[in-house]
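First chain written, first letter: the chains are A, B, C, D, E and F, and each begins at residue 1.
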């Protein structure tokens, strides 16, 4: 079940994916350029309080948690979230959670909460998109595990998605920026899209020059196209 | 200086803006349908630690804080953030802060941090966009105050922006959804754009059916158009 | 049900009360001079853990929460309580909660907790007393709502109370001080009393010159008298 | 310097005071009936941020902290405040701090913060008043220490105060209630007064039947009288 | 039941133990040189979540909490743990808890959690070992109380243990160091051992010169011998 | 500089060490059986407040932080420390920090704090000992980096140490237990010792049967011997 692939998608950094990276838990290590994110999937047999009124309907939930090792960004060490929180992390885990919740029908999970932990080992741009890719793979492994353990009758219907960041600099579109490029970009757009080329999530943050809607539209088209290539690359990993 | 206007923008709920709403602090109360957000601008003469190496260059900072009164959403009271945090609030205040930082040149602020507090008195959809509108008005008042107090030489160059939410339901585009509509929408898109019709921020969160990129593009066009109308409506409020 | 009154009580600042200020929740906006406090009443069908042994007896609870918007006091912005607490706020909400709990028989509430949220929009002295006045009005609205929704058989017996602050400066008694006067006073006394002229709560904090017990006694008499006038003014607002 | 006295004040429980109870820090152990509070005084050579603008004027500060050992109230153990807070404790430490700040002229402290730690070893009613008594004794010891160490030129002028609780039950006035009596009282009044019979702080919390102002006035008179007796009892302990 | 003993163990500071020190809760005050620790035992009829799957088996739990009064170490006041934590305290309470859990068979406790609170009144070295001694005495009192109240059928089988610290300085072994000696030692070893001379816990922390294993071994032998003497001294206190 | 070695130490699980595992920060990945710990070393040019009085003496500090990924132990996910803390982690990071501080002379660091972050990717016993081994290697890399960057004149004198756990079960000594073995052991002993066979830290926690001091002594001898073998294995990795 342990498998590693390398994808060479035009315009993006080399993407390596190591599935079943750990022995004890469904997991995927995503390496995209110097970015490394470890995604692990686990579950518990209860749902968060805000869902409990739906309990009879066997409605599940999925959430992501995202964090960086203190030195993921280099020698400028970041404090741990211990006894504190980091609002960028919380924004990102909401991004990942929303994307992955659209992939499945929460009702097929039963009264169960799935958690996708995305821990950034090394950060060099694109960590939230890498987390979506790793998250869907780890989640798929978890479903195979649950079916194998007879805790789920069947592998639940699941849509394939991918995510990629696109930057705009001087009206130029840059796919899959690293940290250095991101710092100098005018806009940072993260796009999650599915195997049918439809949008799942798209967030454009402009940091410099305001963005022409036409350029925005082209960037999204390019990202959707790239996501389709990644999806076709990771498809074989989704099998048990 | 205390002024109230009502705008009637096609396809959106009635928008009333009350500037200089409070006596002691630059402020604007935004009412959009049943949504009410009070935005206040204040400043202190220091910058956050992560900017301190730039201090000699007299580089300023702007941040937003967003919170809801516990009963803003109705009788289902939400806990206060006292001794805790709410990740949705943190996501939204990052959205508002990013938008407002693009409006000005931070270097013109001097070694100063501006805080835009957005407190939701009543929530009925669209609070983050209302906060951007209220925020830019309160900020403008603060600049007039600083010039008047001779703490700033001139009113700093400032771009006008507006924000509006757009929903997609069954491929239909719905401008400025209320809470009820938002609950039932397939996609919730928030668009900040400027007086030249350029994008400042665009976040599309899909909650149901994946979104056709073409529909997404049309929604953004419609939002930009609406924002242009709002900008021309609020322009008179920006004067001292 | 939405109603606004203005009371002109001798020796105090103009007092305006706007009931049913919000659409979604029982509420009252109190304006006393430049002080503005928004009080909202909500409930949940459970009681705090320390009361749970009394559950069978259908014993309810009432608590207040008090907070200030960060800029309520002006441009010297206060940090939000997010991930922290403010001991002055906690002292004040205990003051409000105690006062309002004496007004009703907690056993008539059933297994229910009422929360009175008092959010200070603008602070210019007297906010804790304004919160008691707003709190009793919002609570009364909530009872009307519960009766209307058939969650309560009858409007529970409820005593009318009011609260007012009195300051002492150079042995002079000053009713209803604003912030400036409070800063310079020797003593700050907050008195809650009922429709029969009896005391419900009285807290005298001396900040300067020690207080003659005789003067203290006179201040309380004057406050009780003022509270009787306020009570007769707000009585009409207590009806459905 | 280590000294213990027992006072027999009419109408109150036996009061024993052990000064210089610890070796390493100015301290007083107060035992009143079964209540035991240990008060310790310490200082640091800086003032809190909100006072720093006054630094040039050598203006000091004094604060109290109050806490209970987890089992001070008996086998119903209370959680420690570790990573949390307890609003009753915060209210009480504000009470103690205010009382002790009126006793001295903060300007005589220099740029220094005094902390009075009041830790309740066993709680049986009257802990906040016992803390005021223990606090003033520990503070006086600290001043002797500072003079001895030549960190203060002279023992600063200091007013003697005392505190006592009074309860009202069925219109009867009860001095110095224990926990059992407090539970059943209609009103709980805490009075701090000085060596001239003037009020320093008076807080009346009504828990049951509303209180006749005349009874309140009598209770205060009785408390002031009791405080005068305690003050004359502790006077010898204030010497070095 | 209230009893005080003084033990004079060769090579250690005078050890006084005051059992049933408080009226409301099983307790022991340990004084060892200038160190004073108050240990109290309480219980609740539930077990922590991680044990709940064992509930049917009537499996209990025991934990310790350890804290210092802010001025226990002298005038260099330490901040309270309020809204924070102190990792040294947490390490020490794990030490105490582990030691006391080995003394009893947790299954004899029923579905019950015992908490041993160890509060350091004055700290002068050896507080964690004093806490173990005080803890076992307070625990024994609690068992007598539970038997007396017929909540336990019989006094549970319980092993006697003691704890003592040993320091190494220039290859010299120093029993029961005070704070001053501890600061200058090369190694600080804390040994818990039982009435049979067997080890229960042994932690050697080297702060200076690395420790010869032979010296370590001798230190442990000496500590075990000392613990045997303490155990025989405290044995009479364990009776009801 | 990137180098990987595998050590085959008698009686222990296979130990693989990958130095310079990350690109951006001195780091070592330790794999011991199924245990995986990533250790990273970073620094900042300041010292903690409690050391600041020593600043003139250019005295440095070193601390460790230890945490586990939420699923490091398997599908029974642990909550992140976000807004909370975990006392086991704090105990362990104190263990690691103490061990590494003895290895160097803190005065050679200058006014600098070194942080060793130990993040457990997968936990299967022995994580605290693996962290000491990884920590010393990452620290050595950091020193090479600082010398190369001319921030340190010379590589500071540094002692080699290693750490290993030993368990006792039915009087049998078990080197380097995995999680399963640890659960069933009577004693869990962690020993840090140096290149001269001297002890640096030794903690014996007994969970079951009390431990014969003779067996304890033998376990320590065996651990010291094992540590000497590991030290000779990792020596080549300490070079630049």
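The rule we apply is simple: contacts are C-beta pairs under 8 Å (C-beta built on N, C-alpha and C of every residue); 3 or more make two chains touch, one makes a residue touch a chain.
Keep in mind that what you see is a predicted model, and the values were worked out from it rather than measured.
The chains that touch both chain B and chain E are none; no such chain exists. Each chain gets a centre from the mean of its Cα atoms; for chain C and chain F, those two points are 58 Å apart.
Averaging C-alpha coordinates per chain places the centre of chain A 49 Å away from that of chain C.
A straight line joining the Cα centres of chain E and chain F is 28 Å long. Computed centre separation for the pair chain D/chain E is 32 angstrom, with centres defined by C-alpha atoms.
Residue positions 83-85 of chain C are each in touch with at least two other chains.
If the chains shown are joined wherever they touch, the resulting network closes on itself as one ring, and no chain has more or fewer than two partners.
Taken together, the chain B residues at the contact with chain A in this complex read 85, 87-88, 90-91, 93-94, 98, 102, 159, 187, 193-194, 196-208, 210-213, 216-217, 220-221, 224. By the touch criterion given at the top, residues 22-25, 27, 34, 36, 38, 40, 42-44, 65, 67, 69-77, 80-85, 115, 117, 119, 121-122, 124 of chain F touch chain A in their complex.
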